[in-house]
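Remarks on the structure that follows.
Chain IDs A, B and C follow the sequence of writing; residue 1 opens each chain.
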């Protein structure tokens, strides 16, 4: 068990965004966090990623509490994330973007470390290939399509050699073909022993991909289990009734 | 090895030509070199780290005044005075940068604008210490080991300063630190998510760049052997900004091009427009921004594109 | 006591000038989020317009004032058209218009310096020396009343969200209203020009007067807060009082008085960047 969330709560003024949330993620497991709009998925994500502070609860990563740490400290612990709306570093090439992802892996030397620089660059270029952006290593990120940008987000996050990967709606805005490719990529990542926590709207994307799913509604967990079990859960069907009815 | 040789060659050539120039030309050349040094460090701050600041030229002045005051009023030996002046620049820079990190980027611009103006006020009101509006004069570069650097030899020293600045910044740019600075510039949120300590990166970049400006200032103090408040107003701060933008912000070559162009151009334009080169530069900068707003790639970028 | 009263009147008059400049910034920041440092140069242009029409051409005061305001409206509109709109259209980074305006600042200043020469030029008072300060206060209050009415009572004014300074200048939202931007720049220029013509009888029109005014005005804005019109007035008065009290009573050389707005600006930026008055929820 690499990530343990217990009693997580967050309010915004009078609105309870997340209420007493508990779940765990195992090593090499793909856990999907799903729920209708406003269910609290993004808030939960941000709490774990260190972007906002929680009001109550505990988050333990590899046995260490991480709630309240700043985003860069979270990254240093081994949790990397992607963004829902691609956030590339616009002034740099694809490889350089990925190299920023490896920031935490560099020794702090700037002189006489040509060897390390070269090794990291080779690794980064390899990652660019791995996610499926072959040949685009030297390209300006502004020339990438939206779908390619999504792949870059993942490559960049992987560069940090995380033990847990947080994916923010990885399939959003992608064509079915691109979505399938990303799903395959995610499976490959989990197969390497990296835990993946992803938030997603779309049950159809999640079903064949996630090992387990946690369903949120109004900030609370209403169901948890394998995708098949959850999909048939009456509480879940109720929550989704009228909006994204699962196929 | 090859790279080291090119730097050495550059040093030899750039210093060598000083020996073939007369006194006036040497003076112009020295000041040009100092502007290049300033533009390079400013480019690192503004173009690479994305920090809009107007204090850079002030740190040039702090370096200049500090070294003169430390040597001739406090009696420190030159090497110690240089270190002390650098230390002063670093401390002041950190003092400006650290509180500014908590706020949005543009606050740095305002704080540094105020800092620059404050510096001039302090110089003017500094009485005996700073020499007031008249500044400090009547001093000479002290001898080191019985040898006084003068004439083309001093120019050679400045060449070494410029090349040293360029080499350092170039090296940093290609390291994880340079990438972190660019990342913070392009998307601070994403940078933090990748493990970059945004605040610390900004402070280090600002302090480093400002201290490099301070070193250039120390060299400047002995160019005319006089320092006065007049040149440390905002005019030159704006000119530095113009140089980097027109040359191509984010590019070392661009900074050099911008500095050379904007420093030498007035000499050629004087017959036409007298002292009002600032007008031309302002127009050119506005044009540069209007014509390519997305990248501020400047002249260096145009050359790169033409070659591609 | 009389001493203090004199100081108070003088500070109030100065404070009004700072307040007007702060208002000029505010008029442009509210709908667009753009910080336009060129307001200082605009004030300078207003002062020179005053010199030109009132001193050189000897027009009656109302005519000179009207001509200045008309010219400033045009200048503001033209600046927006040239330096801001094309950049917003092409989706430039938020820094771009600010830098372009900085370039314009230099262009305006140099143009005036070429046109009028580097020496200061005298601008006459409208009602003689005795009522000068009261006049400044009166005009300022009238302008602020108008601005307050506009922002609080008209639909157009209320629809401008206060683009608070703690959001990045990237918040160029609402720029799909090009007319609003043009109007805000025109208005900002007019108010800045007014500040210039009001202050010029005391300090003379000089081509370098822009940047200090820009800084003082911005300090006033930061102190008062960008969320409310009254903030600009409060900030201007506080700044002027702080300045004059320091000069008069503090045991430091008079030259350091120029440092007061700068120190206050740095202080407020660090401690209280949103200013003293909060925007109404």
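Quick note on the criterion: a residue touches a chain if its C-beta (ideal position, glycine included) is under 8 Å from a C-beta of that chain, and two chains touch if they have at least 3 such contacts.
Quick caveat, the model's predicted, so the values are computed rather than measured.
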| item | value |
| --- | --- |
| Reaching subunit C from subunit A through chains that touch each other, fewest steps | 2 |
| Per-chain Cα centre nearest the global Cα centre, belonging to chain | B |
| Comparison of A-B and B-C (more C-beta pairs in contact) | B-C |
| Cα-centroid distance, subunit A relative to subunit C, in whole angstrom | 48 |
| Subunit B and subunit C, separation of their C-alpha mean positions in angstrom | 31 |
| Euclidean distance of C-alpha centroids - subunit A vs subunit B, Å | 42 |
| Subunit C residues touching subunit B - in the complex, by the definition given at the top | 35, 82-83, 86-87, 90-93, 95-96, 98-100, 102-107, 109-111, 113-114, 165-169, 211-212, 215, 218-219, 222, 253, 255-256, 258-259, 261-263, 265-266, 269-270, 273 |
| Subunit B-facing residues of subunit A, complex | 49, 70-72, 75-76, 80-81, 83, 87-92, 96, 99-104, 106, 110-111, 113, 117, 156-157, 160 |
| Interfacial residue positions of subunit B with respect to subunit A in the complex | 171-172, 174-177, 179-180, 182-183, 185-187, 189-198, 250, 295 |
| Subunit B - residues contacting subunit C, complex | 52, 99-100, 103-107, 110-111, 113-115, 117-118, 121-122, 124-125, 234, 238, 241-242, 245, 276, 278-279, 281-283, 285-286, 289-290, 293-294, 296 |
